[in-house]
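Take a look at this one; I'll ask things after.
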Amino acid sequence: MTIDLEGARKVLEAQPFSVLLGARLLAFGDGAATLELDIQDELLQQNGIVHGGVLAYAADNTLTFAAGTVTGGSVVTAGFTIDYLRPAIGTTLRAHAHVVRAGRTRVICRCEISTVGGEGAETLCAVAQGSIALPQPNGG
Amino acid sequence: MTIDLEGARKVLEAQPFSVLLGARLLAFGDGAATLELDIQDELLQQNGIVHGGVLAYAADNTLTFAAGTVTGGSVVTAGFTIDYLRPAIGTTLRAHAHVVRAGRTRVICRCEISTVGGEGAETLCAVAQGSIALPQPNGG
Amino acid sequence: MTIDLEGARKVLEAQPFSVLLGARLLAFGDGAATLELDIQDELLQQNGIVHGGVLAYAADNTLTFAAGTVTGGSVVTAGFTIDYLRPAIGTTLRAHAHVVRAGRTRVICRCEISTVGGEGAETLCAVAQGSIALPQPNGG
Amino acid sequence: MTIDLEGARKVLEAQPFSVLLGARLLAFGDGAATLELDIQDELLQQNGIVHGGVLAYAADNTLTFAAGTVTGGSVVTAGFTIDYLRPAIGTTLRAHAHVVRAGRTRVICRCEISTVGGEGAETLCAVAQGSIALPQPNGG
């Protein structure tokens, strides 16, 4: 049984680390998920840009939520790769992930992470690709 | 000109996101760096284990600090891969990274992320491999 | 100075390993490249499907050719990630890569690798993401 | 039931692509595997160095054989990441992989790929990290 946007938001709210970072889910369904967070000072590194760890968090979580839209139950991130493209500067960080292939044991997703400018224009800052594992009868 | 452990700690303290997470540098030098943070409730996900985004932050930052031990100046993470091995449960999270190869434009590092138990025993929770870029005359 | 499809085909023909595998370039330009090869018996593994190493070769080479469409000169693959999605079975293997972001020192590309069926229908078998380095004045 | 070095060599010989490349297994057991191949002209790219696709093949196959030493049955590579460190030049290419963590559904391994010089000295050319999936009762 999969969950809907409201259910997914409850999962996000139950993640203390996501609450600490102020993450919110904008979309969840049909093999895709969108997560956003305000770029507050506490998310920066020493040069005034968003810390790479924040982008990596956004990749990890959005990849996993995207996988969650097509699986019947809980999932766990197996791993992912992130390539940084540009310094992330702005007021909002937005991550969008979609399912590339949903197998019975693994779901492969891709994610684009952007900053959003004043009029909604997105600037791509990082891309990620990851593998999410479905729980198996014999564990893992 | 490279920096020493004290200088590296100043860089870490200048990262608001690292301060938010409570990260501290244990070692920095000779092609390796060790970063630690207390596993506080706010770093968890919905099942009571450390959020994957925290492990990804630790990988990103420790890989980059390790590279910083061998470069003469500032560096920027180009990208990395992380594979999660076990749920991270415990009181302390420790990431150790070392340089595999320092080229003139890129430094490749590997990182092991563990939880530390009561008597100092480490349980490996994730492994990462990443590429850190050196600033170039013609930018990038 | 970038090269055109004919020039890129000459580069491919100058790669003995690509000749050994029978690779051919279908498209090259505008930030994208498409490479194809016939699935001959010698490209298989022990279960009659295309060896993962062949898909990895296709990813490596197509990512690099895609980057070559936007750079003025030679490039070198810095690294890449590949996720396998399905067993590759069929008569033709096709890899399509495109540039995600062309910086001055690195070009990030993504690649999709498919088998092509009798009537041209593609079945996605693997996805990759990689980083291609541009030669720098100070080497690397 | 796991296999021994002789059994693993039979698997390698049953891979037409490995036969095409001339790969041989030097070691197989105890969570590690070593694969070697002669650097013949047909494995090169246009500049006289070993094609990245050959190194990627070696990573893919050696990671998977290493995983095979600890699993009771067939395995399939889920995906891997490779970072190239230096041009691969020499007479022999050697890949060594070891298991980092063997779970019940996935085995995570790391791999080092080197060229071997006249007196046995190894020069590290690439490092890889990958995930190998065990077959599951419900497929995947």
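Letters are used for the chains, namely A, B, C and D, taken in the order the chains are written, and counting of residues starts over at 1 for each.
Basically, a residue touches a chain if its C-beta (ideal position, glycine included) is under 8 Å from a C-beta of that chain, and two chains touch if they have at least 3 such contacts.
Just so we're clear, the structure is a prediction, and the values are computed from it rather than from any experiment.
Trainee: When the contacting C-beta pairs are counted for B-D and for C-D, which pair yields the higher total?
Mentor: Between B-D and C-D, the larger count of C-beta pairs in contact belongs to C-D.
Trainee: Greatest Cα-centroid separation from subunit A: which chain?
Mentor: Of all chains, D has its centre farthest from that of subunit A.
Trainee: Can you check how far apart subunit A and subunit D are, centre to centre, with Cα atoms defining each centre and the answer in Å?
Mentor: 32
Trainee: Just the number, please: Cα centre separation of subunit B and subunit D in whole Å.
Mentor: Comparing mean C-alpha positions, subunit D is 28 Å from subunit B.
Trainee: Need the CA-centroid distance for the pair subunit C / subunit D, whole Å please.
Mentor: 20
Trainee: Mark out which residues of subunit D touch at least two other chains, giving numbers and ranges.
Mentor: Touching at least two other chains: 78-79, 81, 83, 103, 131.
Trainee: Can you check the complex and tell me which residues of subunit D touch subunit B?
Mentor: Residue list for subunit D touching subunit B: 81, 83, 85-86, 100-101, 103, 108, 110, 124, 127-129, 131.
Trainee: Going by the contact rule at the top, pick out the subunit C residues touching subunit B in the complex.
Mentor: Per the stated touch rule, the residues are 78-79, 81, 103-106, 131, 133, 136-140.
Trainee: Provide the residue numbers of subunit A that touch subunit B in the complex, in ascending order.
Mentor: 11, 14-21, 41-46, 51-54, 56-61, 64, 76-84
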